[in-house]
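Each in structure tokens, the structures are laid out below.
Here come two complexes built around chain A, the first alongside chain B, the second alongside chain C.
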Partner chain A sequence: MLEARLEQASILKKVVDAIKDLVQDCNFDCNDSGIALQAMDNSHVALVSMMLKAEGFSPYRCDRNIALGVNLTSLTKVLRAAQGDDILTIKAEDAPDVMNLLFESSGEDRISEYDLKLMDIDQEHLGIPETEYAATITMPSAEFRRICTDLAAMSESVGIEASKDGVKFSCNGDIGNGSVTLRSHTSIEKPENNVDIELTEPVSLTFSLKYLVNFCKAAALSTQVKICLSSEVPLLVEYNLSGSSYLRFYLAPKIGDDE
Partner chain B sequence: MARTRSTKPSTAAAAEDSGSSKSKSTITLVPHTGEPPKVFILPSKATPEARIVTLPNPRSSQPSRYLVCPETGIYEFAKVAAPKNEPRSWLIEAAPASNAAKVDTQVTMGSDLFVATAMDPLFLVLPALADAKASKGSDEPKRLFLSSEDHLDKLPQESSHLSEILRWDTTRQLIESRMGAVCDTVEAGDERMFRLNEKKLLEVILQKAKRMSDGGLPPSMEDKFVKKVLEAPLMHRVVRAADGQVTSSADSGTSTPKPDSATSQSTASTAETDASSVSQTSTAATSVAGEQAEESIVSALEASPEIVKQQRLKTAFGFICASYVTPGLADNLQRSLTGASGLVDFSLLNDYLASLEKLRSETLAVRAQDYSRKRNLDEEEDEARMEKKRKLEEEKKKKASESRAVRELKKVNTSGMKKLSHFFQKK
Partner chain C sequence: MPATKRSRPPARASSAASKRSSSRSVSRAVKRQDVTPSSSDPDFEAEVEDEVDMEESPPENDAKRRKVAAPALRSVKFDATLSKRLFAQEARQAAKEETCFPPSRRHSVLYHRPLLLDEQVGSQGRKALLSWFDSVSQSRSMPWRKAWVDPKTISDPAELRKTLEKRAYEVWISEIMLQQTRVAVVIDYWSRWMDKWPTIHDLAAAKSEDVLAAWSGLGYYSRATRIHEAAKLAVGDSDMKGLLPSSAKELEAKMPGVGRYTAGAISCIVFGRAEPMVDGNVLRVLSRQLGIHGNIKTGKAVIDSIWAAADAIVKATAEQDGDDGKTSSEPNDRPGRWGQALMELGSTICTPNPNCSQCPITSTCRVYKEGELKANKSKEKSPRVVDIEDLCILCEEFDEADGDSDEDSIQDKKGSNAKKTEAKKSKQPTLAAFAFTRKTVSNTSSPSPSPSSTSSATSKATMDTITSYARRFPVKAIKKAVREEETLVCAIRRADGNYLIHRRPLKGLLAGLWEFPSKLLEPSTKSDKKKRERLAHEYVSDLLNGDKGRGKTKISCEGELGNVPWLFSHIKLTMHVYLFEVGDDAAVEEDEDQPRRWVAEGDVDAENMGTGMKKCWEMVKGAVEEL
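Then we have the complex of A and B:
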């Protein structure tokens, strides 16, 4: 039996919105520590990993490990019925056929209840090791999104080059080339605009912009985004949710001669 | 049925009926009682002393009826019955002259006709001679020389009139003489002792079979056991003829038996000759048109007159054994007839049958292959079509459940990007 009450339905809404363009179907793995999600895109070059910790819910109850196989497009349709500030309660039986979603308006004068049919999804689970990254860039999520969309207009891929001077996003397309360079920046008044670059060694990698643009849909979740790079390992793009909950994206770097 | 429960009520009903409607109908039906009369045809040479007696059937040992005439021998009854779906009756007229006949003019219910046909008394005593008890132990049964009485005592005595008919001297002599034909005999004092000799028995039966087959088997038997057995599967053969006449004459030379022998032969081979002569004439007719490919349906294999004769003899022998000889003895006889050291050489027939069997199985295989191939194709096509349809539907469904962005992402060039499973280990 699962019962998880989320004060803000918008969190789940945004999470699902951010990943529904990357994966179709995925399992929400519920256990006593919270609700986790791991899924890869069709090409298996990108991976999304979500963790909604039990502390983020009030209350949270999960007696047994339950996997809720959900089609994200369908879940989006149900979540569209929720207002941003509604209270969301997710309920499921131990061996569930459906996932019950209950939306309560903050004034508690309207209650909507939906049952979403579940599906059996056979997914492989990858173990992601803790990695010490060569470069960790923390920057405003909106800024990252703007850079990605701007460069995506010119080229398919972006080169991210982190050095002691700063981090340079550069692209080379048919119509020309372009680059954006960011330097460390600390603002006392607006800490959300901070750009922080931690570097142990210079890194230069190339990534598919289409995927990065997709990741940036999670920008609504958090004002800040953490980008971790290391040569020969996937890029990590992390959005922090409330508390220690997170939404992480991994993307395999482009290695090879093309571009 | 007429004699059982239904009789009484019907009698009463008839009586009532006749009472009430006497004025209307002058004819009253007398309900018949007793078994309906049976119609027999008895041999004219049988004397008036001839009697219908019950004797054990030589094959089944069940009591059966036989006509025994002290002068002319023993007759069995063959029942001639009308087919079930064609009910028939006998109209029996009382003979005005003979007052001995107690039969009224009437129509019988059954249409059976019993014909008395002469039979060899040898068969009646054969079960006694080839006593099953004696042949139980070793494969070469130990048989003792016994007097005819001792032999005949071994026959089932129950409801048997054997002892009565043996009082007729002529009948006893007849039986003993027939026993002598198949037995080794020893004179012991003034008595003759008999012991069955299977070789003699085989010869006697073979003689009968030969006589039976030489005169030609009955048409139904000929059809079923000779013609059908020897019939080869038809083959569709295309003959490319340069000169129609030459080919046709060559054909007739090779495939048809000689006309002379064919005329004296049975229906089987004459039918075949007919068929081939028909094809021959058609060949001749078309050959006028000039050079062309001829198609004719030819029997793949044809039995020679010798083979037909052997098959007929075999059939006749089998029939006699199956009708008059106990199963165990019949098996022995069949074995010694067709065995390697048998009396008759059936090798020609056996070779022919073997090749025929081979041909048949080949033809069957070819046909089965043809059919199965065709059907398989259809099924496969159907399956493929269904599979395609299902896949299409599945795809449609999948597409509907997948967002536009996911579709777009599929088109992204991922060359040079390794799969994530390359970096992260599977749990």
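Then we have the complex of A and C:
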């Protein structure tokens, strides 16, 4: 039996919106520590890893580990029925055929309830190697989204270069080239605009913009985004949700670019 | 996403407890069903079941079998000297041999001393497996699994004899049925069989027709014939008088259809003797335990050494693992429990796609240890030097690139690509190229991963690596191509509603079963519908009118009713079904070799027919109703 009550339905809404273009079907793995999701995109280039910790729910109850195999397009349809400030309760049996979603509007005068049919998805879990990244950049998520969309207009891929001077996003397309450089920036009034660069050694890697633009859909979840880089290691883009819950994206770098 | 999807069955009967495993096995069954329209055929199921029948061939077939079993790769002999070095007294120090490093797996032949024979880890492992078996032995509720009959507890010799006779009979029947057939199917058949013939004497007195009928649907019908023969022989024999011999050697020598495995099983389970019982499952389990990377289907030396290992281990169990801690040479219940435990492990956990995290005896498993090394990315400090005299002769080369998962090969390819970056265009490798896979690979330039070996609980990633490593043991045998055959099944209906049937030869496929007259097409004839129809017509008119053309019964053909595809383990058979109407005067000649008779429509169902032929009959019945 799973019962998880989420104060803001919008969190799940935004998570699903952010990943539904990368992943079609996936398992929500529920256990006593929370609800986790891990899935690769079809071409196995990107990986989504989500963790909604039990603390983020009130109450949270999960007696037995269960996997809810969900088609994300279908889940989106159901979640569309929820208002952003609705309270969402997810329920499932121990060997479920359906996942039950209950939306209560905060005024408590409207309750809607949906059952979503589940699928059996044989999904392999990937081991993500623990990495100490050479560069960790924290920046406003909206800024990252802007850079990615701007550069995507010119080119398919972006070079990310982190050095002690700052972080430079550059692209080289048919119509020309462009770059955006950010320096460390601390603002006491608006901490959400901070740019923070932690560096152990300079790195330079190339990534597909198509994927990065896709990741940026998660900007709605958090004002800040963390980008971790190491040479010859997939990029990590992390959005923190409330508490220690997170939504992470991994992306394999492109190799052999003649720059 | 490497995902196979299917919608969930609306009602899920399977309980939550065993959800994972059960859904997996279901998925396999479902997949098979898609491929074949006739998955209920046990002859076919045999293949699904991955249980190798090593030796239950009739004596006359032995020579042929042996030839097939000859090692194809090299002429390795497994001889007494090697056996002694591996499995005798010295093996008690087996744990001293260091785990070898994949992928080179350089090791001396002494590496294959079973850790299960080791003084410390070995005896712990054996006890662990026995107690694991005791905890699960009833979960699949096999009616033939009963507590061992201790001769000491029954004082009356006549009573004891009767009990043993019954027990031996039960185990024998179950073992023969279980060859090539799934447990779930056998449970039913076994119970019905025991109701019908509760003792070996009842069986010996039975009619062979009835015995075949009771076997109908199980496939490999010669098993039934041989059981019946053996029962008659055992009852008639002045020594045995119905009680099977207790030694494996005698069982194998005296009883038709009882080979090395079945003999071992009866001797162990019923009489408590320490004999090895090695079936396909056990071959797999032990090849992993011993770390033999060999072919367990055709590698003679590999098979021989595993049998020898099984022999040594079961003797150690029988002698040393008693509760009182003393060694004993008396028969006891441990050999039977041990043998069944190995088989149970092989059929539930140490399957081709194993579940190492549930295994009770990883501490004695060479392959598990090698997998751990691989998972922890330990590197061999210096290549191990092995005395050339001692080089392992059992293992086949371990080809790293030859992994069975796709990720593996992608990884290797991409890895090498990364090094020779001469391509002008940038490439987008997958995550798998960056150790982002179930198999965490070494050789990344990333800072060293945090050592997980210190933690007591093995992490999921480590376990996955181990499991996928274990999956590569034993060496996968290349499957033989399935032969394709076509046959014309001619249902001949006389005006009085009777049908002609004949009996198949007593040897070979579907031996002794009845069928509608059938003609196997020459393999060369590329048959089209017209030609088949003509051939069928010729066949029927030959059958009814003889060569001389006397009698001249009128034959009218209703044409081809349809096809019934049928899969045997080695043949893919297509049956083309024809219906012929003949006059009342139709008669057939008697044939010594192939008895024929006319049967009323209502009685056809009761005949001993193969399941495939029954399908044809359904088709014929349908067509007749429409006429």
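Assorted remarks:
Operating definition for what follows: the second predicted complex is superposed on the first by the 256 of 259 C-alpha atoms of A that agree within 3 Å, B and C clash if a C-alpha of one lies under 4 Å from a C-alpha of the other, contacts with A are read in each partner's own complex, and residues count from 1 in each chain.
Following the convention adopted for this analysis, contacts are C-beta pairs under 8 Å (C-beta built on N, C-alpha and C of every residue); 3 or more make two chains touch, one makes a residue touch a chain.
In this text the structure is predicted, and so the values were computed from the model without any measurement.
On the superposed chain A, the positions of chain B and chain C overlap enough to count as a clash.
Residue contacts after overlaying the shared chain place A:230 against chain C, while chain B stays out of touching range. In the superposed model, A:153 makes contact with neither chain B nor chain C. In the superposition on chain A, contact of A:39 is made with chain C only, not with chain B.
In the superposition on chain A, A:132 contacts chain C only, with no contact to chain B.
In the superposition on chain A, A:111 contacts neither chain B nor chain C.
In the superposition on chain A, contact of A:74 is made with chain B only, not with chain C.
In the superposed pair of complexes, A:214 makes contact with chain B only, with no contact to chain C.
In the superposed model, A:64 lies in contact with chain C only, and not with chain B. Within the superposed three-chain model, A:21 lies in touch with chain B and out of touch with chain C [touch as defined at top].
Across the options 6-14, 186-194, 204-212 or 546-554, chain C meets chain B in a clash only at 546-554, per the superposition defined above. Shared contact residues of chain A, touching chain B in one structure and chain C in the other: 23-25, 40-47, 124-129, 208, 233-234, 250, 252-258. Within the complex formed with chain C, the chain A residues making contact are 23-26, 39-47, 64, 69, 94-95, 97, 117-132, 157, 206, 208, 230-234, 250, 252-258. The residues of chain A lying in touch with chain B in their complex are 20-25, 40-47, 71-74, 76, 124-129, 156, 208, 210-211, 214, 233-234, 250-258.
By the touch criterion stated above, chain B contacts chain A in their complex at residues 401-406, 408-410, 412-427. Listed in rising order, the residues of chain C touching chain A in the complex are 1-8, 10, 12, 14-16, 19, 23-24, 27, 417-418, 421-438, 440, 444-447, 449-450, 459-461, 464-465.
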